[in-house]
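Handing you this structure, nothing more for now.
Per-chain numbering from 1; labels A, B, C and D assigned in written order.
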Amino acid sequence: MIHPVDILLILVLLSVLFAFASSRLPVLIRILAFQGVVVSIVPFFLEHEMTAGGIIFTTATLTIRGIIIPWSFYSMIKKMGIKREVETIVSYNASVFASLLLIVAAPMLSHKFNMISFSGGTLITSTAITLVVAGMFLLMARRNAIAMVLGYIMMENGIYLIGTALSSGAQHIVEFGILLDVLAGVMIMAIMLQSIKQKYDNLDTAQLSKLKE
Amino acid sequence: MIESIILWILAICLSPFYAAVILKVKAFFGGKKGPPLLIHYFTLIKLMQKGSVYSNSTTFIFKMGPIASLSAALMALLFLPIAGRSPVLSFNGDVIFVLYVLGLGRFFTIAAAMDTASPFEGMGAAREAFFPIICEATMFMILILFFQLTGELTFAAYFTGIQTSGLWRVAGAPMLFVVMAFFIILLTENSRVPVDDPATHLELTMIHEVMVLDHSGPDFGLIELGAFIKLLFYSTFVARLICPIHAAHPFVNFVIFCAALSGVYVAIGVTESVMARFRMDRVSHFVLTSFALAFFATVITLEFVK
Amino acid sequence: MEAFFFSIGVIIAGGTLPLMLHRHFTLMKTVGVLSISAGCLIGLTNSLFQLFRPETDAVSFKYLHAFSLSFVIDGLSAFFLVPVFFVSFLAALYSFHYLNTPEKSFRTAASYLFFSLLIASMTLVVTAANIITFMLFWEIMSLSSFFLVVYDYHKIETRKAGYLYFVFSHAGAMLILSAFGLMYGFSGSFGFDGAAILPEWVKIVVFVLAFAGFGSKAGVFPFHVWLPHAHPAAPSHISAVMSGVMIKIGIYGILRMYVALNYHAPLFGEILVIAGMISGILGVVYALAQQDIKRMLAYSSIENMGIILIGLGIGMIGMSSGNPLMAVLGFAGSLLHVLNHSIFKSLLFMGAGIVIKKTGTHSIDALGGLMKKMRITGMTFLIGSLAISGLPPLNGFVGEFFIYLGGFKGVGLDKLSFVLSLMAIISLAVIGGLALACFTKVVGVVFQGEPRSESAVKADEKEPMMLIPMVVLAALCPIIGVFPKAVFLMAIRGVSALNLGYGRIPFSPFLEMTENISQAAAVFLLIVFCMLALRFFLYRQKTITRTGTWGCGFTRPTVKMQYTGSSYARSITDFFKPVTALNEDHPAVQGVFPAKTYYSSHARDIAERYMESVFVHPVLFFFDKLRWIQQGDIHPYIGYILLAIVILLFFV
Amino acid sequence: MLEIIFLIPFVAALAVFFLPATAGRVLLVLTGIIHLLMTIMVWTIRPEAIFPDYFALSAAGLLSLIVISLLFFLISVYTAEYLKQSHIRQENIFTGSMLLFLSTMTMVTISDHIMVMWIAIEATTLTSAPLIFTHKTSTALEATWKYVLICSVGIAMALLGSVLITLAMDVGHVKTAVSFSALTEAAKQLDPTWLKAGFVFIFVGYGTKMGLAPMHTWLPDAHSEAPSPASALLSGVLLNCAYLGIFKTNKIMVAAGLGDFSGTILMVFGLMSILAAATFIIKQTEYKRMLAYSSIENMGIIAFGTGIGGIGAYGAILCLIHHSLIKSSLFLTSGNIHSGYHSWFIDKIGQLPARMPKTFVAFFAGFAAIAGFPPFGLFIGELLIIVGAFRAGHYTMAAIFMLSLCFIFAGLSNQVFKMSFGDVSEDITSPTPEKACLVWPQYALLLTSLALCVWMPDILYQTIMAAAAAMGGGF
């Protein structure tokens, strides 16, 4: 029988594929919102007993990841008239191919660390690894600043997945930390995005390479 | 001791005489009668009676030059066994002392030459500074050989009595190299042909003579005397080496020694007569030959001894 | 020991007080000089006293809880303390009139501070008994001497010199530290005495590393590159201290390591002899080729370091081949030369300092005829030159004589030792000859003849404080040369601290040698005296006329016709052509009415040339190639993080 | 009551946002003083934390705390004067961020819980970003962007590492608080594979923040673009905070018997950092970037020393303290130089002793100190690290270490010489006025370093020994 978590995780992996293939910012944001929601609800389907605090934190995460952050980016694009095209360093086709490779490689890595022996489905660790690496891939392969921030959020999603799914002993401080990080980090980044927009009239980070040797 | 001192004084007195032998030989080769054998005594007396002319450029160092070079030569002679008799002074390492005292004489000769501000004397001084460097290396090479043979570092150990023949016995044929090396040093150190031509009148090509151009009167006399003594000093080495015979009676000994010495001076004269002087830049090669000879002698002897 | 620390306290006070008094120029100098020289005198007396005491003094302070600063004054330390205090004392006196620009009052005060720190740190290095103490004061020594070198930082050469010096001293310190690190690594103790238990191969590595490190301070070829730049750049009293004593601290370091390791491998002696020969010969050849008077003296220091190293090497060979006489002769000879060189080299630097100060030029070929206007300077310089050429009856000869004797003892040994002894003797002979050529050149061109430029015409010497130290030093040269007994005993005390395992070294065989020297020197002086009398007699009631130099028929001689220093040296440097390539600059004469042209040449140091092409350029090239790492784009930066993680995960 | 020490600056920061600029400066200095006093109090009475699971005092933390406090006080004095001269828009944000920064850094030093530590370090990134962005130029923007993004990614890695360590607890069936002190005690029972993986992530994560190559890329940009007092804080204490994270994790590793693994990583990355610093120092054209690379070098040295353990770890802690003192003084001095010459380029600076004598003294003394010359403390630290490396038998690494130190020295002194003694194009030799408040903080910092090389208070020594003991420190 397929574990319900696995279904969620397959959805997450799909979202990675789509994220790699999408060339438009709004689409990317929507995919990330979807991913955030799915990742946030994973704890409900795990076999841990949910405490009240756990439920609160999970709900908060859901709200922030799934609604607040995507919405704020969305409105920022609208308000500031940001170009919707995502400038790439690695082309979309290559990105998709890379993500496929990644999805294949991640389980092998999780095998190496005997991660499957943990609670939850077989997929959970490989998905988390995929998310982290995919997030970094977006950071490395996209020139658009918002896309990079989205990559960062994807990375955090992966860490969240590991944090909540795998470790029981970590109390809520882990979730709290991740939440704070995402919220404050993204907030600061958003301010930076605005400044970049003001200075250069677009969000292409290729312009931000003056400080070098 | 007294005997040694007498011999020392005798050697000083004889040195101008022997220098005249060279002139006589050269005259013979030139088909001339040549100056008398006592010519240098006359010259010295004449010079001593004169006054002097000094250049405005000079200082006291100019006057120190003759004194230092003469004193150095006299000092060197003190350590030299003349006619196989033990020298006036002798101590372990006196060879080094003597070579360096001669260096002191050279220092002041050069300094005196530089004192005149004359371009020619400067030129001579530069050459005087250069060639003896190689000579000294050769001398030390020979010293190493002699030290290996005798285990001593004194002239007395090399040239007194039967010691010299001992050197020949142990080293054998390579000793010939040493004689040749010594002869080359002799020619170089005393500014003889083919290194230098004391008789020439072209200042540009001279070494020693050009350095003393400005000296006159008694000063010049002292320089001349010093040069004669130095020549005798080096000739004695060669003489003792080619004629290491040691007779029982000191007088016989002395006569044999004088004869050998005459032989050396004649050889110098012959060399001067049959050779032309080298171009200046070839001189260093010529002097290096002596080093090579001494080096080979040492290496061969050591192989032989082992 | 208390007296020792007291003297250092007084010296440091002499450095700090001027800083407070820098508004009153003369007062500041008086206070500084008085205090420093008083401290040095106290230290000098104390170290002489220590030298002849049978027991060693040791003291240790707790430092930063876990370590200790320990000091030991044994024979070796005391022996090196003597020249340090003595030369510093005279240099302090000399500085009183040498530093005479009231506009630079504060800088002068600062220079006294660093001067006092330099003296103090030198003495503390020499007495240091553990790694931490040694490195601490070694670095302070380098740092303070660096500040003294860049005193005239307005000149570009000075800045270059300071930079080179700084980098070399740091690299040298690193080498020393690596040697110490190895020592500590195997012995587990910071003290020097722990080093005796190291395995043999470690001892060899430690010695080689330490030799390279100390060698760079001592100016051993090819680590000497900084020296000919730094010594001329410093003010002359500092050059005197640096060349006279500071580079000897490097020699001390080598000896101290030799003592600490207590291992008599033949390799040590072989390394030292070979390094000594190369430094000695090349040092003097380059000295001969120099046109700057202080640079020439600096190269001559390299030469003398070579002689000292040859002596040490002979001593070590004697030690390893079980030839006590050779060992003692070699060590004692080179220790004597350490002392002697500190005397005449500081004398020569002081002389050069006056010449430069009065004429305003460093160039040998621009000077001339100074003997007439600067009699005392000229006389003392002459004596120093005679001494440094190793001529009897002056002190330079004494040290070399013993080294020669030691070398000849080595001729009797087998194969490699024989070859090295032979080469050592020959190279000493060649060095002697070249040194003579070199210093006749300097004396002849700078002090004799006619002035070659305007600046050399109006020179004078009026400042007594600059002349007195030189006269003292010059007087010492013949005194030691004729009566070497006392200093030889000092050297023997130093040698007995080397732990050679001979027990008490008997004095008598060596005293006989010094007696011989004294005797011969006395006879020589007697002969000279007689000749002087003879000359006086010959010149009684004679007419003496003065006129111009005979120009060999040339009627209008000018001073430009004089032989210059460069031409004097040319034939000899040509002989050593492969190592003394000349850089010539001479625009061709062109056209019908050619413009004024010039000719300039200078000999390039082979080590300096190859240091650039073999070491500096490849290193710069390598690092240049790495600069793409920071190319400005953020994307690869994130890649680096991922890369680091991925690589590290392989090792989990 | 321990927590109050980071709450006070926090409250002060909030207050500053609502106060006028001049009052903000006063409050800045005042907070500095209070913080210093409280730190001294913490050192003497060692108060207990209200949340002992989250906060606790440790030897290493205490050391960092005193360094932070002392530095902040001196820098705040400098800043008060500096702000008068430079025209910074929205000064309140600057001062407020400084105080917030102080608050978060203080929190790092006293946090014991792995996650709290992580949160605190992340918070330092966020609070310091406005400091870097102060000048609001395009380059400042770029530097801030890189800083925030790279550090966030790095810190995310550290988060992952922290999670993995809790995993190691689960696998090893350890039931304690997730705090460094508890974990160190239970280290033997933790699952080694997970622990190693956790260490790798934490190392790379905090290493990014600490400026270890090749994760150092943000550091030169951020340090050069921030105003000088902020650079001084970043280099002087922020890097220490990140190091504290690595240090404490390494402590767990050593306790778990995995010291070789973590030590090798630390040493290799330390060497890489030193080499990277050498690469960029040698041909550097801007002096503030040069100082930044020198920080990378020193972080490399510290990592190297920590990796060696034993006497090297003791040396590393000494280096940590002295580097903070010296480097912050150098950054402050660089601010003075800029105000005198209006340029960040090395070429444009020259004749310092004539034009700015006091600054010159601070600058050159700082340079000598950072190059490891006595009588400054870095000398002892580096010496111990080197002999420690030999003691531990890492000959090759020690050789590379010393060689690259020589290269760096050659590069650094070349630039410093040009700046100090070189000729300047414009011919102004008259001294530029130098305010006392802008040089005395540097002197105080350098003198502290000097004093600590001559005499060290017993309590400080005990604390350093206690910190180093975890790495097998001592002798």
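To be clear about the criterion, a contact is a pair of C-beta atoms (placed from the backbone, for glycine too) under 8 Å apart; a residue touches a chain by one contact, two chains touch by 3 or more.
None of these values were measured; they are calculated from a predicted model.
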Chain labels contacting subunit A and also subunit C: D
Most widely separated chain from subunit D, with each centre as the mean of CA atoms: B
Which of B-C and A-D has more C-beta contact pairs: B-C
Distance between the centres, which are taken as Cα means, of subunit D and subunit B, whole angstrom: 77
Distance between chain centroids, defined by C-alpha means - subunit A, subunit D (Å): 31
Intercentroid distance (Cα basis), subunit B paired with subunit A, Å: 99
Separation of subunit B from subunit C, taking each centre as the mean of its C-alpha atoms, in whole Å: 36
Sites on subunit D at which at least two other chains make contact: 145-146, 149, 153, 193, 197, 220, 280, 283
Where subunit C touches two or more other chains at once, by residue number: 627, 629-630, 634, 638, 641
Numbers and ranges of subunit A residues touching at least 2 other chains: 136, 139, 148, 205, 208-211, 213
Set of all touching chain pairs, with the criterion as stated earlier: A-C, A-D, B-C, C-D
For the subunit C and subunit D complex, residues of the former touching the latter: 64-66, 131-132, 135-137, 139-140, 142-143, 150, 153-154, 159, 162-163, 166-167, 170-171, 174, 177-178, 180-182, 184-185, 188, 619-620, 623-624, 626-627, 629-630, 634, 637-638, 640-641, 643-645, 648-649, 651-652
Subunit C to subunit A touching residues, read off their complex: 627, 629-636, 638-639, 641-642
Sites on subunit C touched by subunit B in the complex: 368-369, 371-372, 378, 382, 386, 389-392, 397, 401, 404-405, 408, 411-412, 418, 422, 425-426, 428-430, 432-434, 436-437, 439-441, 443-445, 448-450, 513, 516-517, 519-520, 523-524, 527-528, 531-532, 534-535, 538-539, 542-552, 557, 559, 561-563, 567-572, 575
Contacting residues of subunit A [partner subunit C, same complex]: 89, 133, 136, 139-141, 143, 148, 205-206, 208-213
Residues of subunit D defined as touching subunit C within the complex: 145-146, 149-150, 153-154, 157, 193, 196-197, 200-201, 203-204, 207-208, 214-215, 217-218, 220, 261, 265, 275-276, 278-280, 282-283, 314, 353, 368, 371-375, 379-380, 383, 386-387, 389-393, 398-399, 402-403, 405-407, 409-410, 413-414, 417, 420-422, 453, 455-456, 458, 461, 465, 474-475
